[in-house]
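Structure below; questions to follow.
So that you can tell them apart, the chains are marked A, B, C and D in the order they are listed, and the count of residues begins at 1 in each.
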Amino acid sequence: MAGAFDFVPAIAALPLLAFVIALFAGQYMPKRGAEAGIAATAGSLILSIWTALTVAGMTGSETFYNENLYTWVAGVADSAVTLRLGVLVDPLTALMLVIVSLIALLVHVFSLGYMNDEGETGLPRYYAGLGLFTASMLAFVFSNNILMAFMFFELVGLCSYLLIGFWFREDGPPSAAKKAFLVTRFGDYFFLIGVVGIFATFGTGLFAPVEAASGTMESFPHMAEMAIEESETFFGYGAQTWMTILGLLVLGGVVGKSAQFPLHTWLPDAMEGPTPVSALIHAATMVAAGVYLVARMYGFYALSPQALAVIALIGGFTALFAATMGVVKQELKQVLAYSTISQYGYMMLALGAGGYVAAVFHLTTHAIFKALLFLGAGSVIIAMHHNENMWDMGGLKDKMPVTYWTFLSGSLALAGIVPFAGFWSKDEVLFEALIHGVGTEGTLGAMFLLAYAMGLLAVFFTGFYTFRMVYLTFHGNARTDVARDPEPVRWNVKAPLAVLGIGAATVGLVNMAPVEKLTGLHIDFLHQWLDGPEEGGWPDALSTDLHHYEELLHNVPHVDPAYPIGGEQTTLIVSAALSLGLALGGVLLARSLYGVDEPVEHTDKLGGAKALLTHNYYQDESQVWLAQGVTVPLARAADKFDQGVVDGVVNGVSSVSLFTGSRFRRIQSGVVSNYAALMTLSLVLLLVAFVVLGGVA
Amino acid sequence: MTSRPRLATDVNYVNGLAALALFVVMAYVFMTSDVSAPAGFADGSIVASIGYAMFDMLDQGAIEAEGFLVAFIVIALVLDAALDGAVMLARREDDEQSVTALADGGFLSRTKETSSERRSDGDSLLGRNDGEDAGSSDDGGDD
Amino acid sequence: MAIESQYYLLLSAAIFCIGVYGILTRQNALLFLMSVELMLNAANINLVAFSFYHGNLTGQVFSLFTMALAAAEVAVGIGIVLVLYRNFEDIDVTKAATMRW
Amino acid sequence: MPIAGPVEALLGVTLLGAFLVFLAPDEYAGKLATAVSLVPVAVSVWMYSVFDGAGNALLGGTLAFESDLGWVSLGRYDLAWQVGLDGISMPLLLLATVLTTLALVSSWTPIDERESQFYGLMLLMEASLIGVFTALDFFLWLVFWEAVLIPMYFLIGVWGGPRRKYAAIKFFVYTNVATLVMFVGFMALVFGLGDSISTFGMAEIAQALREGGNLSTLAGLAPADLRLVAFTLMFAGFAVKVPVFPVHTWLPDAHVEAPTPVSVMLAGVLLKMGTYALLRFNFTMLRETAEANAGIIVAFGVLSVIYGAMLALAQQDLKRIVAYSSISSMGYVILGLVAFTPHGFGGATFQMIAHGLISGLMFMTVGVIYNETHTRMVGDISGIADRMPWAVGIFVAAAFGYMGLPFMAGFAAEYLIFQGAFASTVIPAAPLVTAVGMFGIVVVAGYLLWAMQRTLFGEYSLATDYDVSRAPVHDVAPLVVLLALVIVLGVRPGLVYRMIQDAVNPLLHGGVVLW
């Protein structure tokens, strides 16, 4: 009997079909292709839920799946690797599939209101892009090897290019699209080296072992583990070092796609795209892909303390860095953009610091509340006739209550206020970083603590900028005519908001670790989901379970928890109180500064820091300088060199021969007598030569 | 103008030195070479033998020779062709008025109009070739 | 006693060089033709001389052919001279230099 | 062995077609040539479907469609009409025939004078290309190799842009001198081999060389030195055709001046002659020399990749951008070849096919845009996406194909090359060198994205006085076909990669593998 796992490829194939239909037939459809996208993503969602239920053991005996389905390139010779495409379904995959297809469905529905109702042109292209985007992300999620992951990772990049640049008639979007692709391509360059390196090192890129007819095909994290145990050497490096190198190379792609420092600059620009696309990019697809990849191959990263430290530091730093920039932004979507960067920083921090569950948890909750916030922002933007400046808004609370209350739910989640989703996950991230930082010996522990400190500080800024945004947008008096009389939005905008609003308030409940620890109730469902009910966790055969990861973390980089303040419970309470307190502090500060009827700008109080922050620490400038100030002149110089020197030599050779030719041709005077004279003289010379040399023989 | 022969005044004596040099060298070579006595012909009619050789009847000739029948035929054809060629070259084209060489006693009686027409034709044809040539070499040289 | 072969060669060289001299110094196409005739006949002398030297008639037959070919050459040559005159209004060979480079 | 096999039929039909088209009136020449060129396409597709070759043509593999007839005796060497296909030449033959047909269709719009001569020359070139990829006797091969130049010279020199004469002469002289250099190198080997070979058959020479020991001292050069000298000369000769830095400067000029269909053929097939010859001669016959000097060769490859990409970045002319990026892409082929790994050789050969299709597609797309706008300068055009949506859509797809988007042929090829080069034991510091070469994929994205942003998107404006409208169907159709091929090969590389691997794997074994 065909089970859910046989239909997993269809989860990605359905949106792909929607892509084709929308592209070629979209213009003949009443909603310009949206129908296909909605049907396909709904189908994907149903299949994803079915898959998740199967993984949970509710609809079948098999609870995991890992098969190679398609041989992309067969390596004939012994030393040639074979490259395959396959499907891996484990709890992480199932969870992510549900999230992605849910958000994709909601974004499709929302697009009806945001794009169709606004009378946009080129909608088939838009829905085709959305379909391909969803398809690539879903396929990326269930990839069973790193090459397949890379391939779909790249397709995700392509789709982001197409969608961010959707409004190609203006100047901004194409430029932003180019930047998004180029910056992530720079990261992917390292990723690709990593992929090639992994295949060259292990001969396989499987995330988890595959049971094939010919025997078990091992996964590369497992092979790496063995290699480290046996102290093998690769390409002249020790196993440990080599794994770190590979891990960091792959991390390049993660940093690019997940918009981590220093490759985050594309993401704020990507706000040029339509808002539903921003929601999709930020919540569930492109940006999530990076973090998901680290979680996917966590068994590999857990082997390298250096890589973990780098991940944690990048994460912590990005969380703080982006949050500070979010404080001074004027535009609604810009604030959200920086909050996205910051929140993905938390996930990286969690992964680096050994908090696998915390990272996945935050990925889940963030997907919900960030999608909500973007869609809410989209709703506001519709109402404001596509003016995004928060200083032109104000007082929208009463005019658009659905949007306001759902947006507030999302904002509370983002700020990390109990009991909204973000509180639980962010708290767990920080808690894990703290206990692992204290418990881990040496530099690694210190790095964790440093990253923790930055993450903790970022909580305050998060609370502040989130509620600065809420107050400026919805509270106080309306500051413009449009804000006084906003355009109403329809059900297709409100329905997704409502779904997500409820989600943002409640999804945190799936893993209330603090409550579990305090009360002893087993309500840390996500933890159990990733760990498994049995001893050793399931699915054991894949070795992608939490239990295995914890073992690795303990054995190889020696990441262990320790509780600095009393026992586990006290530490937990203190940590939670600390982060909640900071978040509330930020919220209250925002309220005192901006929660008034006629708020004014306070950015001048920042003094010199204002310019720094509004210019995003001159990150864009420096990267633009790198591109235009260094690369372009270098290219010009190369061109000059090519035209002048290399081609100059070629032309020089040709002019020398042309010149000598032009001189020699003077001999050809056209006068027969001269020719005859020359011939005669030559004959004389020849004869003389023969005489002098004594004949031919 | 008469067609009386005159002493050549346009003689280029400098070039003539080359001919003189050639003679000197050849004379030197011949006179210093060591040549044995000639073998001479066997008894018999030389002319008859030549005739036989031309028609490949070597056994009838008294003096040694080779067969030349094919060469004989070929030369006959060549002569014919040369004659045709000469006539073709010499013939005026149809549109030109036929002026016989004898009628005005020499080469110099052609109408100016015809000749200048020819001239300009030839010029334009050759001139274009020239220009194209020059153009292409300039292209190559300048770039 | 027959004349030594060198002298035949010397004679032929002399005639040949007179022909060459004519070509080199004159500009009249008809004189060119005459000079070429001289050179051809210089070759004929050689042919006959070597024919005698080797005791083989081939050289003599060859010289006959040469004469025949010379006739052909003169026919074509005069044709060319005619065309030359028609195109350049002169039979000065140095003027027909349009085909150079 | 029948006298006329499919290869002879291909050549015969194409040549005959060429002469027919020469005689045809201008109005029908384009259609007639296209119709004629469909025959080689059909024949080569049929040949592909029944292809039964195995192993490498030069190393004792089983040839498909072989014929071997005595031709001329030259001293102690017998020259033969020896043609046949193996897994390397079969895909290239397909590439040549398919691309010719598409290029012919794409000429309908831009070529509007001396049409019958243009199409006749195109077919003549196709015939020569078929010969290059099928001939297995050196002299026969050389005849075809040189014969390609003649139609190309006229195609650039007559139908080209303003500086066509310069470009055509540069192309002709440059490549001809290269052939001379290569010829000297090869003949040095032949004379060095002396009595151990009796024909100019490439297989016989390759096997004699690989077995080693047969080479005698020639002109004071010991066998090892002779190999090195011959290798260098042959490499230099073929490098011009590829082209490899620093002997590449004929390429941009030729591309810029050539009419679009000719650019398509030049980039799509002619460049592959260089790498094909490198693979057949340098890397098959003189394996040890190549291995010993891998460090230097790979430097040329990587330098071409980066340098070509950097130059592309500095260009304003769309055609020049694609032309320089061809240098970059062909550098990857060198990188793959010199790796001496299965995926290195296979990927390099696959890259010849992939780049042939993608660069052809790219040039054709630029041509379609040029047909409408009459300019190719980046600054002169902007925002034409609205006016010609399908052409622009395909331009974007082609550009991403060029950047190595997965599931398009370019990615498969480049990935395999990287995979092969990374694991190479021959290249010194292989992982590092590969990583440096791979940086090309970032730069290529840079200049193509930049060019697209400036030309296709933004507000519509055009510096020339033409009204831009949708491209005619027969302009877009070849693009669609090419794009489909690129995607099909990207999704299923095995369609040609299987036979390629079969043919390149024997190269890795020491000595000759007899099948």
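Observations on the structure shown:
As a working rule, contacts are C-beta pairs under 8 Å (C-beta built on N, C-alpha and C of every residue); 3 or more make two chains touch, one makes a residue touch a chain.
Just so we're clear, the structure is a prediction, and the values are computed from it rather than from any experiment.
The set of chains touching chain B and also touching chain D is given as A. When chain centres are set by their Cα atoms, the one at the greatest distance from chain A is C.
Across the two candidate interfaces, A-B and B-C, the one carrying more C-beta contacts is B-C. Rounded to whole angstrom units, the spacing between the C-alpha centres of chain C and chain D is 58.
For the pair chain A and chain B, the distance between mean C-alpha positions equals 88 Å. Note: centroid distance chain B to chain C, computed from Cα atoms, is 8 Å.
Averaged Cα coordinates give chain A a centre that lies 37 Å from the centre of chain D.
Those residues of chain D in touch with two or more other chains do not exist in this structure. Residue positions of chain C with contacts to 2 or more other chains are 20, 24-27, 98-99, 101.
Annotation for chain A: residues touching 2 or more other chains are 654, 673, 676-677, 680. Across the complex, chain A is touched by residues 12, 15, 18-19, 21-22, 25-26, 28-29, 137, 140-141, 143 of chain B. Listing the residues of chain C that touch chain A in their complex gives 20, 23-27, 32, 93-94, 96-101.
Of all residues in chain C, those touching chain B in their complex are 2, 4-6, 9-10, 13-14, 16-18, 20-21, 24-28, 52-58, 60-61, 64-65, 68-69, 71-73, 75-76, 78-80, 82-83, 85-87, 89, 91-92, 98-99, 101. For chain B in complex with chain C, the residues that touch the partner chain are 8, 10-13, 15-16, 18-20, 22-23, 26-27, 30-31, 33, 35, 37-42, 46, 49-50, 53-54, 61, 63-66, 68, 71-72, 75, 78-79, 81-83, 85-90, 92, 107, 110, 115, 118-119, 122, 126, 133. Of all residues in chain A, those touching chain D in their complex are 71-77, 79-81, 83, 147, 150-152, 154-155, 158, 161-162, 165, 168-171, 173-175, 177-178, 181-182, 185-186, 189, 192-193, 196-197, 199-200, 235, 627, 631-632, 634-636, 638-639, 642, 646-647, 650, 654.
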